[in-house]
Amino acid sequence: MKLKMPIILVNYKTYYEATGKKAVKLSKIAEEVSIESGVTIGVAPQFVDIKSVCDVVSIPVFSQHIDPILPGSSTGHVLLESVKEAGAIGTLINHAEKQLRLCDIENIVARTREAGMVSVVCTCNAAVSEAAAALKPDIISLEPPELIGTGIPVSKSKPDAVTEMIALVKHVNPSAVTLCGAGITKGEDVAAALKLGTMGVLVASGIVKAKDPRKVLMDFADALSETA
Amino acid sequence: MKLKMPIILVNYKTYYEATGKKAVKLSKIAEEVSIESGVTIGVAPQFVDIKSVCDVVSIPVFSQHIDPILPGSSTGHVLLESVKEAGAIGTLINHAEKQLRLCDIENIVARTREAGMVSVVCTCNAAVSEAAAALKPDIISLEPPELIGTGIPVSKSKPDAVTEMIALVKHVNPSAVTLCGAGITKGEDVAAALKLGTMGVLVASGIVKAKDPRKVLMDFADALSETA
Amino acid sequence: MKLKMPIILVNYKTYYEATGKKAVKLSKIAEEVSIESGVTIGVAPQFVDIKSVCDVVSIPVFSQHIDPILPGSSTGHVLLESVKEAGAIGTLINHAEKQLRLCDIENIVARTREAGMVSVVCTCNAAVSEAAAALKPDIISLEPPELIGTGIPVSKSKPDAVTEMIALVKHVNPSAVTLCGAGITKGEDVAAALKLGTMGVLVASGIVKAKDPRKVLMDFADALSETA
Amino acid sequence: MKLKMPIILVNYKTYYEATGKKAVKLSKIAEEVSIESGVTIGVAPQFVDIKSVCDVVSIPVFSQHIDPILPGSSTGHVLLESVKEAGAIGTLINHAEKQLRLCDIENIVARTREAGMVSVVCTCNAAVSEAAAALKPDIISLEPPELIGTGIPVSKSKPDAVTEMIALVKHVNPSAVTLCGAGITKGEDVAAALKLGTMGVLVASGIVKAKDPRKVLMDFADALSETA
C-alpha cells in the first residue's frame, strides 16, 4: 500500500452536497487542504462521480463499494475494473450502510489485493474488526453504527472500543492500519483518534455537511499534523 | 416520455468489452449507427461510465439500476440525482441480474417519474409483467431468465410468452411500451420481436460480445426500420 | 379458497408473548373466540410453532412466510411442503418486515396455488396492491408501514388509501379478497375496515401485546359480526 | 459447550426425504446409530420440524439458521428463543446456502453464547474460517461450496485446505472445534477428515439422499470410532 499515513478519508455517501459538480468542487478543496497541510486526504465519491473527481485531483480517490464479481453478466453491479480504470486507488468495503456477507468481503479484499488497490474494511465493533483483520485488508476502520451521523465522536465517547479494536486487529494482522469514524466533527476528535493509536479517521457528514468544509478539513489536518 | 420508438436498447452489463474507454467507443458506434439508420439506439453503461459516455454521444443513455433512496446517508448506493446529473435520461429497473423487492420497484418508478426520467422495468414472465405495468413505468421489457445469454431469441422461441405479456400489460396500462429481450443476436430476431407487437428489444451480449458490434447493430437497425 | 370471510388474521411476528407455549395458548384463545362468535379467526405463528399450534386448534393457521424454493439444497430456508405438512393452510407473503423481490412473490403465489394453500400478499400502498393483484393471490392486505405498531388505525386514519387500494385491486382481479392492517387495536377500527369494503383485518401487536387478548379479540369479532 | 466430540452433524436442508414425518423417522435412525455406536450424531432439520424431532429423540438437534433479531416485530424471521424452546441445542450459522453479513454472524454468535446454545459457523475457505474464528463460535465447519453435493469429499480432494483452515483457526482461537464438510459419502471420507485434525463432519445429501441412511451413518460412525 502506497498511501502515506496518517489519513483523513472523506466518505461522500449519497449526500446532495457531494453529488456531481459538488463532488468535484469538494474534492478540489480537499486537495488544496492536503497540499497546504501536507496531510493525506482521501475522498470516496459516488460511483458515477469517481471519474470526474479523478480527472481533476491528484489526491487518493476511493470507491464507496465494489461488488464481488468478475467481468461479465452482472447488470447493475459495480466492477472493480471499472472503478480502477476511472482512477480510484482503493475502495471502502462493508460500510455500515452497505454491509456484505462474510465470504463476499473475503472475495472483494482478495480482488483488490490482486488489482493493487487499497482495501478499507469498515466494521461495527472490536470482534468484527478482528474477524475483518483475518482477511488481510490494508485498512480496517471501526465505525460504531449507533454513533454515525450523531456528532458524538467515537474517539472521545468510546475510547475503549477503539483501543480494544486496535489490540485485536494487531493480534491477527500486525501490519494492518486502523482508522476509526462516526461522529467526528472537530480537530480534537481527530487528535483523540490518533492518540488512541489509529492512523486517522473516516468521516462523512462532519465534512460534507459542514458550513465551511475547507475550514473543518484544515482543522482536522492541523490536529493530525500536531498529533502524529 | 420523449423517446422515439421503436428502440434498440443495449445493456453493457459488466462486460469487459464495454467497460471504461471501451464503453465510450461502443457508444460512439451506437450513435453512428443510430444517425445512419434513423433508428433510436439507447445504451446502458456501468454507473462509473455514464458520464464519460454522456459527454461524447447524444443518443439516450440509461443507468443499469438506481437505488430506492433519497439523497443522504446511503454509502455505496446509486442515487437518481447522480445518474441524472451525469446525463442519463432513464434507467433499467429490476433486471434479472439485479432483482428488486416489489415496494422498491414502485418507489424507484415513482422517483423516475418525478424526475422526468424514463423507467424500464425488466420482468421474467407475463404475470410479473402485468404486475409491473400496474406501477405505471414507461417501458416494460420481458426477459425470460432462462434465455439470457443463450443466443436462443425470445422472439422466436417464446412468441406466445411475448404476446401474452403484451396483452396483460395493455389490460392494466394501455399506454405502456413493451420490449422483449434475451437471446437476441440477429436482425431477424429483432424483426420477430416487432411483429409480435413490441416496440423494440433489450440486448446485451448479442451486441457487446459481437465480433463486429457495428455490423450487428446495423443489422438490428435495418430489421427494425423494415418491420416498423 | 375455502376460508369463510370476513376474517381476523393475527400475525404473531416474533413477539415473545406469542412464542412457543405462549403461541399455543394464544391460539386456543383465538379458537375459543372464533367458536363463540362464529367469526373466522386465523393465526400466523412462527415457523417453529406451526405444528404445535395446528396440533391443538382447528382454526386456520398461516405461515408468516415461505421461500421461493423447491425441495432440495436450501439450508435455512422455509419450504412450502414443510409448513403444509405441519398443518398450515396458507401463508403471508411479502410482509413489510419480510419484503420480497417481485419475481419471488410471483413464484410463491404460484406455488401456493398449485399446493391448494391460501396466499395473503401484504402491500405497502395502493399501487403496490394493484401490482400484487396482477399475480392473482387469494388475499391482498394493505399495511402502510408507517402505521405498523403505532396504534393509529389505517382504517380510520387513511380511509382513502384503503378505498383506492380496493378499487385498483378489483380492476385487475375482481375476485381478490382485500384486508387492511396496521394500527388496529379496537373493535371500531375493525368495523371501519369493513365499512370501507375490506373483508377483515390483519393484526399483530393489537392482539398479541394486549393485556387481555381474549377480550380484544372478542371486541374485534363482535365488531366484525355487527358490521358484516 | 457440552457436546461430546467427535461428531457427525447431519444437515437435512430442505430435502423432501427429510421433511416432516420423514425428518422424524431419519432422526430416530440417527439416534439408534448413535446409541449403538457410541458416536455423537447431531441433526439439523428444517425450522418447522425442530419440535417434532426434539420431542422424540435425545440426540443433539440444531437449527439450520437463526436470524440476528430480538423478540419483537420481525415477521417471517427465525427467533433464537423459538428454536431453543422447541429443543434445539445449537444452530448452523452462515451455511453456504444461507450466507450472512459479517456483523450479523457476530451478532448471532453472541446471541447463542448468551443463550447457552452451540454455534456452528460454516465457512467457504481457510481465510474466512480464520475470520469466523475471531468471532469465537464453538465450532467452525469448512465447506468449500464447489464440492457441496458433488460426492467429491473435501477431506480427500482438498486436504491442504482443511489443514490450513485448522492452523488459521487455532491461531486466532485455540479452543475452537473444527469440522469439515462437502462431498462426504463414505466412512473413509470421515476417517480422512479426522486424520487431518478435525473433530468430525458436516454432511447432508450423503446421508439424507442415501438409499440406506442407517447403513451409511453406521459406516460413518464406525470410521469415526476407529480413527478417533
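Each chain carries a letter (A, B, C and D) given by its place in the written order, and its residues are counted from 1.
Keep in mind that, in the parts below, a residue touches a chain if its C-beta (ideal position, glycine included) is under 8 Å from a C-beta of that chain, and two chains touch if they have at least 3 such contacts.
Because the structure is a prediction, the values reported are computed rather than measured.
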**Report entry** Chain labels contacting subunit A and also subunit B
**Finding:** none
Report task. Please work out the Cα centroid separation of subunit A and subunit C, and write it as a whole number of Å. Result -> 44
Report summary line: dist(centroid_CA(subunit C), centroid_CA(subunit D)) in Å evaluates to 34
Report summary line: Touching at least 2 other chains, the residues of subunit A are none
Query raised in the report: Drawing the touching chains as a network, do you get a line, a ring, a star, a complete graph or other?
Result: ring
Report task. Would you mind giving me the full set of chain pairs in touch? Result -> A-B, A-D, B-C, C-D
Requested in this report: Give every residue of subunit A touching subunit D within the complex, in rising order.
Outcome: 94, 99-106, 110, 123-125, 127-128, 130-136, 168, 171-172
Query - Residues of subunit D touching subunit C in the complex - result: 11, 13-16, 19-21, 44, 46-52, 64-65, 69, 71-79, 81-83, 85-86, 92, 95-98, 148-149, 204-205
